[in-house]
Amino acid sequence: MGIDFNLVADLKSHGVHVTSFESLVNWGRASSLWPLQFGLACCAIEMIAATMARYDMARFGAEVFRPSPRQADLMIVAGTVTKKMAPQVVRLYNQMAEPKYVIAMGACAISGGPFKDGYNVLKGIDRFIPVDVVIPGCPPRPEALLDGLLTLRAIIAREKLLGKHRARHADPNGTAAFPVPEFGAHDLEPTANREIWNPPAIVRESEGGTQA
Amino acid sequence: MISDPATSLTSAVLAPGADDDQLLHVSLGPQHPSTHGVFRMNVVLDGETVVRLKPVFGYLHRNHEKIAEGTSYLASMPYTDRLDYICPLSNNWAYAQAVEKLAGIEVPERAEFIRVILGELTRLINHSAFAGFILGDMGAWGSALMYAFREREKILDIFEELTGARMMANFMRFGGCRNDLPEGWSAKVSRLVDDYGPFLDEMEKFLVGNEILLSRTLNVGSLPREVLINGGITGPMLRAAGVPYDIRKVDPYGIYERFDFRIPLGATGDCYDRIMIRFLEMRESLKILRQALDHLPDGPIIHPKAKIRNFIEGPKGELGFHLISDGTTRPYRYRIRPPSFINLTLIEDMCLGLDLADVVIILGSIDIVLGEVDR
Amino acid sequence: MSVATVTLHERLRAALPNAGISLRTNPGPSGQHSLLVDAADLPDVCRFLRDTPDLTFDFLSNVSGVDWPDPAKADAVAAPAAGEGSAPPTGGFLEVIYHLYSTRRRIGPLVLRARTIDRATRVQIPSVVAVFRSAEFQEREIFDLYGVEFTGHPDLRRILMWDEFVDHPMRKDYVAPDDYEYEPTPHAAVLEKAQRHYVQP
Amino acid sequence: MNTQSSSTTKPPPPPAKWSVPGIGLLKGMVVTAKNMIQSYYRKERMTTVQYPEERVPISPNFRNFPFLCYDGEDPKAGLRCTACTICETECPPQCIYIVIERDENGKSLKRPKVFDIDVSVCMNCGICAEVCPFDSIYMDGEYELSTQDRFNGLLFHLDRLSKPADYHLKLRPVEAGEVAVRRKAEVDKKRAVQAAKEAKAQTDKDKATPEPITKGEPA
């Protein structure tokens, strides 16, 4: 758009802040993420630790944990998502108001983690809802959660409000709600939302040469 | 008066001819603002009064037992950390002891002392966090938990230095412990033990006389002793009702018979007693820690080298592992006796006839961790 | 605080002559012997153990389910005592193991076992909830995960899995649902399961 | 508290009557106020760590994800890993995948062709490092790994996993120092054995002793 950054810096030194409307909106959003108060398992304890005095998530404007999904911007999926819990997680996500973001904290939320071979464990919440940031670890340290939060803030700061590459929530045709899976006789039905769950095909290099 | 302790109180409260249309059905959970994980209760209310309460489990059922039956004995050790994830080291201990009994392995003395120190530090973490969480349930979200976690971080730093992880220690091995104490570690624990007493004084001053706390907890959720025993309640819950049953005294595992400590007992078993019991237990834990640190011997930390069940007195109650071996490298049956799960048996009886707000306090006073309830 | 299971066995046989109770020994270093009780007599035996003044086994700590598709294995783990026939039913059975303690006498565990007739339809065992409340959720769990039907249980529903679920996942022959679509590090059992999802060249 | 009289102790009874309503509350508030005021000047109350700018000192024992250690400069030639697959078998959540590099005869070249660790599954238990007999796999202390890329961003390949021995020394001086001493002793012993063999070959000129195969050992 042709912003003269030197001029911006010069004005700033005189106490005048010039910015684009988009940056202002993104700055506001990134600086006051209200997480949903929602802990699933072990990682939730480290999430609580991150909000406590030593790590103090309040420094990033994210200390206001809201018990109601209607008031929250950020869902931190902290812990193992079981198949019995998955429909509730999706429903909570659907109830959140746009713009909304998801952090998958810890191995279990990303991929099922150590429990992925369990019959009641969902292998990653990204099978049903879109995940913005993943934080590996079992459980990640509180600093790692803060690092994930900073990554998310950087993502929000880059978001486009208009144009072809605009963010999902700025798009009037964007999806805000995803289908909630049903309990089936053996497994969830469907087992994943194929529209958002597209794992890459694994090409294996075997001992004898490249083999699919 | 209850003639048979196994009688459920459920039918006694719902008045005959009560109009079912007038009752309000509320589903509390699985997502809810208190900090006990994904636990759900289906509550039926008559006005504000609870007339029926059915807990719903399984939202964190992650198949630990099934996974353990398909893997080696050692590979289950890091999974036990994730059972009761507030106190991983006591789970480690219980599992290591069960396998040691199963295979007849001896544990060196120094390792036993290290285990006692870690087990009691874990109890400190659990009970302090408990005090914070239950205050949060009463609406005082913040200060108490903040103080508890401040102390918890100090213990976690000590754990990290020894075991390499803040929470998921994976430290105990069959026949001992994984590595020896780093230099200066016991001095750090010693300093922590010295500082913990003043912290408990501060916490008690903060809580004990508080009128809101008293009115929310006194005479809430108590049941007769016989009913509690019959319902399988263990741990501080049972001792708060005045039953002197602590495995550290009843069947001293490890080297607990060498330590001089007492078992705090409550009088009525209401929520107030349950909170105070935990404070007194922390004081006893400090005594054990002090003795263990003073007498920590030198020596090796790991021993070179069909069916059994073994219990330890975990911070939440009786934690047991029931292992059946068929002689292969994998356990044939691996069953956990989860104290949190069985302590929930009588939650309906405790809550009947009380207000909905009391349900949250009673749940808090049971001190559950969902990783253990659902496994 | 171990229990003299052998003397207790004789005492029970004298007191309850009609109940089928046999002693099972544990060959391992732990030496925790057990009593195999006929399923139908289980509540009576429990009530006797709880209410007899000098026994007072007032605390049922643990109820475990075990699946034995191979009955010979069950006898290897809990061997029948001398003079008692094993008579294993063909085709396997389900077993429920109870661990009783006495908080008053501070002894335990007394291990009781009860077996179903087979693994398919005759899987009934009388519930002991009327004697020990602590069995309530544990029996529901065994019903859920193993499929043992506890007759007389006040509220026998699935507890950990959802109500629509039909399998009993802790049984040895349970086949987990197939969701091995993305397995970047498969080997051993996982590799076998994941192989069908690999794109064939 | 008298500890000798009995094995049990009673909790203090709750205050029978609330003498002045609200006095207990006020006492609690004094504690809170004390904490707040002291958090401005007392060091042990100033607990907050200003995370991105300053960090909690990480203990040398801290473990997060595994890495592979190599000696010397070249990560490929100096890799200690011999692709024995012990870690792959022992890993509780099965997050390690190894393909052994083989020559045309199918004989193992004792190095991995593929070594992948799926950190989206890894449970930081450290069992791989514990069982490794070749001092090759260790646990890293790095924890700032949050990413948007759930698939490729969390599947660590050999190039990402390989880290020099100096890194290990910096991370855990005690452990790495012991390992270095032990490895040097082993290398010296091997050299001595080899020298003895060569000396024997020199004296025994009729028979040509086959050269012992040496891997890329460090100098």
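For reference, chains read A, B, C and D in written order, and residue numbers begin at 1 within each chain.
Just so we're on the same page, a contact is a pair of C-beta atoms (placed from the backbone, for glycine too) under 8 Å apart; a residue touches a chain by one contact, two chains touch by 3 or more.
All values derive from a computational prediction rather than experimental measurement.
Contact count check for A-C and A-D (C-beta pairs in contact): higher for A-D. Inter-chain centre distance (chain A to chain C, centres taken as mean C-alpha positions): 43 Å.
The distance from the centre of chain B to the centre of chain D, each centre being the mean of the chain's C-alpha atoms, comes to 30 Å. In this assembly, the C-alpha centroid of chain B lies 25 Å from the C-alpha centroid of chain C.
Within chain A, contacts with two or more other chains are made by residues 53-54, 84, 111, 114, 117, 119-120, 138, 141, 199-200.
The set of chain D residues that touch two or more partner chains comprises 47, 56, 92, 94, 118, 121, 123-124, 151. Among all residues of chain C, those that touch two or more other chains are 160-162, 169, 182, 184, 190. In terms of which chains touch, the assembly is arranged so that all chains touch all other chains. The part of chain D that touches chain B in the complex is made up of residues 1, 3, 6-15, 18, 21-25, 27-28, 31-32, 35, 47, 56, 59, 61-63, 90, 92, 123-127, 130, 139. Of all the residues in chain A, the ones that touch chain D in their complex are 53-56, 59, 104, 107, 110-114, 116-117, 124, 126, 131-138, 140-141, 143-144, 146-148, 150-151, 155, 199-200, 205-207.
The touching residues of chain B, counted against chain A in their complex, run 30-33, 35, 37-38, 58-64, 66-67, 70, 78-79, 82, 85-86, 145-146, 149-150, 152-153, 166-168, 370-371, 374. By the touch criterion stated above, chain C contacts chain A in their complex at residues 160-167, 169, 174, 176-177, 179, 181-184, 190, 198-201. Of all the residues in chain A, the ones that touch chain B in their complex are 37-42, 44-46, 48-49, 52-54, 67, 79-80, 82, 84-85, 88, 92, 108, 114-115, 117-121, 138-139, 141.
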